[in-house]
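Look for chain A in each of the two complexes below; its partner is chain B in the first and chain C in the second.
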Partner chain A sequence: MSDVSTSPRWNPVQTLLLVVAVAGAASLAIVAHAKNRLLSGAPIGLWSAVHLSDATLPVVLFGGAGVVLAIVPLLRRPTLYWLAPPAAGGVIAGLSWIAGRCADALAASSPAMARTSLGAGYWIVVVCALLAAADAVSRLRLRALPSLLAGTVALLPLAALIAIGVTDQLSIMREYDGQRDAFLAALLRHIELVAGAVIPAALIGIPLGIAAHRRAHVRRIVFPSLNILQTIPSLAMFGLLLAPLSRLAEAMPALGRIGISGVGPAPAVIALVLYALLPIVRNTAAGLAGVPASVLDAARGMGMSRRQSLWQVEVPLALPLVLAGLRIAVVQAVGLASVAALIGAGGLGAIMFQGLFADALDLVLLGAIPVVLLATVVDGLLKALAAASQPRAA
Partner chain B sequence: MITFDGVTKLYGETKAVDALSLAVQPGEMLMLVGASGSGKSTALKLMNRLEDCSLGTIRLDGDDISRMPVDALRRRMGYAIQSVGLFPHWTVARNIGTVPRLLGWPRAKIAERVRELLLLVQLDPDVIGTRFPHQLSGGQQQRVGVARALAADPDVLLMDEPFGALDPITRGVLQRELLRIHRRTGKTIIFVTHDVNEALMLGTRIALLDHGRLVQIGTPLKLLASPANAFVRAFLGGDDYGLKLLTVESVSSRVRAGETAPGAPVVASASLRHALSEMVSRGTDRLAVVDDDGVPLGVVGLAGLVRG
Partner chain C sequence: MSFERRAAVGVMAARLSRRVVLGTTLGAAVGVAAGAVPLRVGSKLDIESALLAQTMMLALAAKGVPTADRLRLGTTQIVRSALLAGEIDLYPEYTGNGAFFFHQDADPVWKSAQAGYARVRDLDKPNGIVWLQPADASNAWAIALCGDVAAANSLATMEDFARWVRLGGNVRLAASAEFVQSPAALPAFEATYGFKLRDQQLLVLAGGETSAMMRAAAEGISNINAAMVYTTDGAIDALSLVVMQDTKTAQIVYAPAPVIREAALAHCPVVPAILSPVFGCVSIAVLRALNERIQVEGQSVQQVAREFLTAKGLAG
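Moving on, here comes the complex of A and B:
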C-alpha cells in the first residue's frame, strides 16, 4: 500500500490550470449576445450568466464537479484520479448548460437574427478542465485504449446535453442547424480525403521504407526528396500541383471525366499522399534498422530465406514503429486536409474558410472542433493498435 | 563428415582464414580455439555459408557445399551464437520450432519435438514453452538457443562462443549439460571458443588457429603433452600447465585395482584435477574410485596422479 503513504503533493500543472480557469471564468465572458452574427456581442460574465440561466441544477453540477476536479490531484490515492474525467465532464456540461439556458432566455426576448455565442471565459474553462483530466489520466499510466475511453467520458455529458437540445439556441448550434447537411457532407469528405491519402501512402511508403532500409542508394535518394517535400508549405504544394494537373486533364479529357483536374480532390489527395510518405517511410526504415543484429544473424544462420526473414522476423519487430509512422501520417493528414478546401477539395476546411471569409467565428469553430476531435480519436485508436502489436509481456 | 581442403577467406588483402585443411570426424566435438582475429569464427561461418570461401572447398559428406542450395544447407546445420538471437516476438516454443516449421513438419510433430528438446535442455515445457525470450534469464535463453539449434535433428551443430556471455557458474552448468547432450545425441559439434579451459573440458579434439592458420590439431591430451611449438604450449598451458594436464585426464587412467581406501569415492570419469582437489581438501593422499554405477574399481593415489 505504498501509494497510500505518499503525502498529498503540490502539483504545479493542476494549480496553474485551476488559477487560469478561475481567472478566466471570473473575468471573461461566458457568453456574448449580439444583434446578428457579424457584430461582436456584449459580454456576459459568469455571475450574470448564472442569474440569467435561472436554474439550480446546472450551477450545482458546474460547481460540484469543479470542486472535485480541483481536489482530485491533492488526494493520496492515485486510483481516485479516475474521478478526474467524469468531473471534467461535469464542469464542461454544467457550464454549457448554463450557457445554453442563457441563450434560451436571450432568444425569447430578442429578434430572430440575434446571436448568443460562447465567450472566451467558456473556452478557457473547457480547455483547462480537459487538460486537468488529461493530466490526471496520464498519472494513471494507462494503455492507449483506456486513455481514449477516459477522454470520451469527459465529453459524454456535453454530448448528451447537445442531443436533448439544451444548447440549441447557442450560435454555434444555430450555425450547425443551418448547415446540417453541408456539415455531414463536409465531415464525410474530410474522412475520404484522409483515407484516400493515407491508404495509398501506406501502400507506397511501407515498401519504399523496406527498400530504403535494404539499399543505401535508395535511401540516399528517398530521404532527401521526402524531407524537401515536407518543407514545402501546404498551400504552395496545392498551388504547385494545380498547373500540371489541369494541363494533364486538358491533354487527356478522359482523366478529366474521372475527376482529375487542377482543382478539387485530386490535387489535394496527391499532396496529402506526398506529405504522408515521409513519416511512413522513415518509421518503416527506422523500425527495420532497430531489429537486433543477433536476431538477423540467427534468422540467416537457421536457413530463413531473405523473404522469410523479412516477413516472419523483421516486419513484425518493426511493426510498432511502422504503426507509429502511420499514426503521425493520419493525424497530419487530418489537419492538412483542412487547407485543401482552398483548392476546392471540400471537407471541414470548407466550413472553416466560409466562416473566416464571412467573419463568422462560430462557423470557423464548427469546422475546427471536429478536425481536432477527429485527429485525437484517430491518434488514440492507432496508439492502441500499436500497443497491441507489441510482443506481449507478462 | 565435414572436410576443409585448402580453404582461404580473404577480406581485401587480409587472410582471415589461410589455407585451412582439416577433417571433422563424425560424432566428435571439435573445438576451434584461438585469440581474437585468429579466424576461428570465420572458419565456422564458412561451414554454413554465412561467409563464402575465397579459395578451396568445404565438403559435407563428400558434397561441395558451395553447390548446395544455401538455405537447405543451413537447415541441415544447427547454429547457436553467443548473443543467442532468439526472436523476441515469438514464444520459446515457437522459437525452438523455427527450423522444423521452415522444413514443413506437421504441427503435432513440431510440438512433440519442442517438448522433447525443452526436456533435453532441462527446462519445464509447460512453464517455459509459453514464455517470451525477455522473460528468461541469460542461462535459460542460451538453453533455448541450444534447443533451437538442435530442433530439426541436424547432422552438425555449429556453436560460436555460445557460453561466452554467461556468468562463470551458469557457464559451468551449461558446459556440463552440453557434454551430456553430446554423449546422448552423438552429434558432430564444431565449437568456437577463445577460452582454453572450455576447450580442454569439452573438446574431443582441439584445433588451434593463429592468424588464420591451423597450428595444431589433436586431442586435448596430445596438444598439452606434445605441443607442436612454443606457441601451442604458451597458449594452452599458460601459468598452470600441470593443472591443465590434470584437467584433461580422467581418474580411470591412474586406478590401482584391488586396493581400497576410506572416505567417499570419486567416479572414474572425473578429471585428475578433481581428484587432486579432493585429496587436498580432505587431507589425504588416497581416494577410492568407483565407476558410474558405483561399483568399486580401486584407488587413485597422489604419487600415481603426479607421475602418471
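Moving on, here comes the complex of A and C:
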C-alpha cells in the first residue's frame, strides 16, 4: 500500500496515466486488420474503429467510464475512489466491445483467413486503466483481499463480454477457439507444475531456513549452494536433469511407473523446486533473525524451552516474512513453469512456444496473458494471507 | 561412455522384453496385431514435426496399435536423447540430420536422398535405432525472394538468383548465423552456383527461427527482400515468397522418416507396414499445404492430420 499524501487535488500518477492513455488511444491502432495470421495488419485508429463498430452503447460506456476514471482523482472525497475499479472496468469493456464489433464487421467483408488483432493503442488504454484503478485503490489503504476484489471488478465486465461472444472474431479469441481443449489442459497442468514445486519446496525450505538460522555451519553451506543454483539458467537446468533422471528410471522401473523420467513434468518440477528454495529459505532465516532479542529474553524468562520459544514465539513473529518468501517463490514458479514446455512438461508455455514457432503473436498472448493473471491472483491471495498472519497489536 | 550407453540399452531391452511377453499375451487375448503397451510417439516442437507425429499416431491407432502422446517434447537434441534413453519409442526425424548426429556434415552423401537414408540407417543401427522408409520430400534450406522482386527479375531457380546477384542485383538476405556460416548451407549454395553475397547484403539473426525473417522479406522491413526458408514451410505462399529452386542439389536432403527403437519394433512389427503408405503420400507440396493450414489458417494439428489420413483413405 502506498504512502502517497491523501491530498486529493492534484495527482501526478493519475495525470501521467491519463496523458499516456489519451495519446495512445488517439495516435495508435486500436485494432489491426491483416490478410492472414502471419502478416502485420493495417492499423485502424480509435475514430475509424468507432465508426466501423457502428454502435452507440460501447462508445458511451467507454467514454462515460473514461470521464469518471479521469475525474475521480480530482475529487476531494476519498470514498469516491471506490468508483475507480468499476470505471476502469467500463473503459476496458467499452473499448473491447468496440474492437469486437470492428472484428465482426471486418470478418463479414473479408475472407476467412483474415485476422483482426488488438493494436498497441488498445493495450496502452487497458494497462493505463488498470494502473489508474490500482492507484486509486491503493489510496483507500485497503487490506490485500479487498484490493484483489477491486482488481476483479475492473476485469469482470470484460469477462462477461468474452463469455457472451462479443469478442469472438478477434484474432486472440480465434486462437483460443483453435486451442479450446488444449487450453484448459495447459492451464491445469501449469497450476499442477507450480503446486507440485512450491509445496515440496516449502516443506524442505522452511525447516532448512530454521536450521540455517540456528546453526552457522548449515548457513555457510546452504546459502552459497542455493545462490549458485539460482544462477543456473532454467533451460540448462532442465537439460542437466535429463540424463540422471533417465538413468534413475532405468535403474528403478518402479519410479518410471509413477512418472519419473528424463523428459516431461518430473525434471520440470525438480528444477522448479530448486529455484523456489532460495526465497523460502532466505526469508525464513531472515524472519527468525528479525525477532528482537528482548522478546527472546522474555520467552526464556517465562521459562520456555528452546522448542517452545521457537514454535510459540519466533515462528509466529517470523511468519509474515516466511509467507512473503513463499509468495516470491510461487510468482517465480508461475513464470518459470512456462519454460518447462521445452522439455515436454506442457503448461501454458506449450501454447506460447507453439505461437512462437508459427509466428502467431496472438497465440503467444493466449499463453502469456493467463500466466500474468495467474501470477497476479496468486500474489494477491498470498499477500492477503500474509496480512492476516500479521500479529495483532497487543 | 559408449559402454555405459550399451549397458543402458541392455537394461532397456531386458525391460522391454518383459513388456513384449506381457504385450503378446494381452494382444492375443483381444485379437489385435500389437500389444497393449502403447507406443510412445514423440516429436520436436515445430509444427511439421508435431503434424507428422500426430499423423503417425492416428494411422497407428486406426490399425489398432495403441499409442501414447509424447508430442512437442523438446528440441532435436532432447527428442533424440529421449529416444536413445528409451523415454519414447518413435518420432519423425529428417535423414539429413544424420550429418550432424554423426558429425559428417562435410560428406556429399547427404545430398542424395537414397544414399543419405542408407547412411543414417546404417550408422544408427548400433544404437538400436531403426530408420523406416522416408517420404519423397525434403525440408531443406533454401533462399526465398519477395514475390515482386522475383517477378520483376524473372527469378525461379538458384541459377537465376546467382546470375542476378553477379550482375549486381539488389539483394538483402535475412538468415541465421548457422545458415551463413555452416559449410553445408549458404557457402554450399555460393560454391555450387558461383556467386558471393557481401556482408552488406546479409542481415544475420542469432536464432534459426525463420518466421521473423520471412515476414521481414515479405514486408520489406529494413530493406530485406530475401530470407532463408525451409522448403516445406507453410507460410511461403501466404507471404507471397518465391523459393529459388535448388536445381543442382547444393543442399543436404532432409527427408522425413519414422525413427523407431529396435526393441519397440520387435514388440510391434506391424509399424513399418502401417507407416509406409502414410509417408508414401507425403511430398514437398503436400507438407507445404498441410503446414499452411496450421500456420496460416490456424487449424489444429489433430484436425489437419485426421483430414489428411481420411483424404488418403488411411484413416482405417
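The rule we apply is simple: the second predicted complex is superposed on the first by the 379 of 394 C-alpha atoms of A that agree within 3 Å, B and C clash if a C-alpha of one lies under 4 Å from a C-alpha of the other, contacts with A are read in each partner's own complex, and residues count from 1 in each chain.
In this text, a contact is a pair of C-beta atoms (placed from the backbone, for glycine too) under 8 Å apart; a residue touches a chain by one contact, two chains touch by 3 or more.
Fair warning: this is a prediction, and the values are worked out from it, not measured in the lab.
Novice: What's your read, chain B or chain C touching more residues of chain A?
Specialist: Counting contacted residues of chain A, the larger count belongs to C.
Novice: If you stack the two complexes on chain A, which partner ends up touching A:294: first (chain B), second (chain C), both, or neither?
Specialist: first
Novice: Return first, second, both or neither, reflecting whether A:317 touches chain B, chain C, both chains, or no partner chain.
Specialist: In the superposition, A:317 contacts chain B only.
Novice: Taking the superposition as given, does A:254 touch the first partner, chain B, the second, chain C, both, or neither?
Specialist: neither
Novice: Between chain B (first) and chain C (second), which does A:242 come into contact with in this model arrangement: first, second, both, or neither?
Specialist: In the superposed model, A:242 contacts chain C only, not chain B.
Novice: Applying the touch criterion given at the start, work out whether A:216 contacts chain B, chain C, both or neither, answering first, second, both or neither.
Specialist: Touch status of A:216: no partner.
Novice: For A:108, decide between first (touching chain B), second (touching chain C), both and neither.
Specialist: Neither chain B nor chain C is touched by A:108.
Novice: In the overlaid three-chain picture, which partner chain does A:163 touch, first (chain B) or second (chain C), both, or neither?
Specialist: In the superposition, A:163 touches no partner, neither chain B nor chain C.
Novice: Return the residues of chain A at which the contacts from chain B and from chain C coincide.
Specialist: Residues common to the chain A contacts of chain C and of chain B do not exist here, since the sets are disjoint.
Novice: Could you pull out which chain A residues touch chain B in their complex?
Specialist: My answer: residues 292-305, 308, 313, 316-317, 391-394.
Novice: What part of chain B is in contact with chain A in the complex they form?
Specialist: Residues in contact with chain A: 48, 50, 70-75, 79, 81, 83-89, 98-99, 102, 131-132, 134-135, 148, 158.
Novice: For chain C, which residues count as touching chain A in their complex?
Specialist: Within the complex, chain C touches chain A at residues 8, 11-12, 15, 42, 45-47, 70, 72-75, 78, 81-82, 85-88, 209, 211-212, 214-215, 218-219, 235, 238-239, 294-300.
Novice: Enumerate the contact residues on chain A facing chain C in the complex.
Specialist: Listed in rising order, the residues are 36-40, 112-113, 174-175, 178-179, 182, 239, 242-243, 246-247, 250-251, 253, 261-264, 341-344, 350, 353-354, 356-360, 363.
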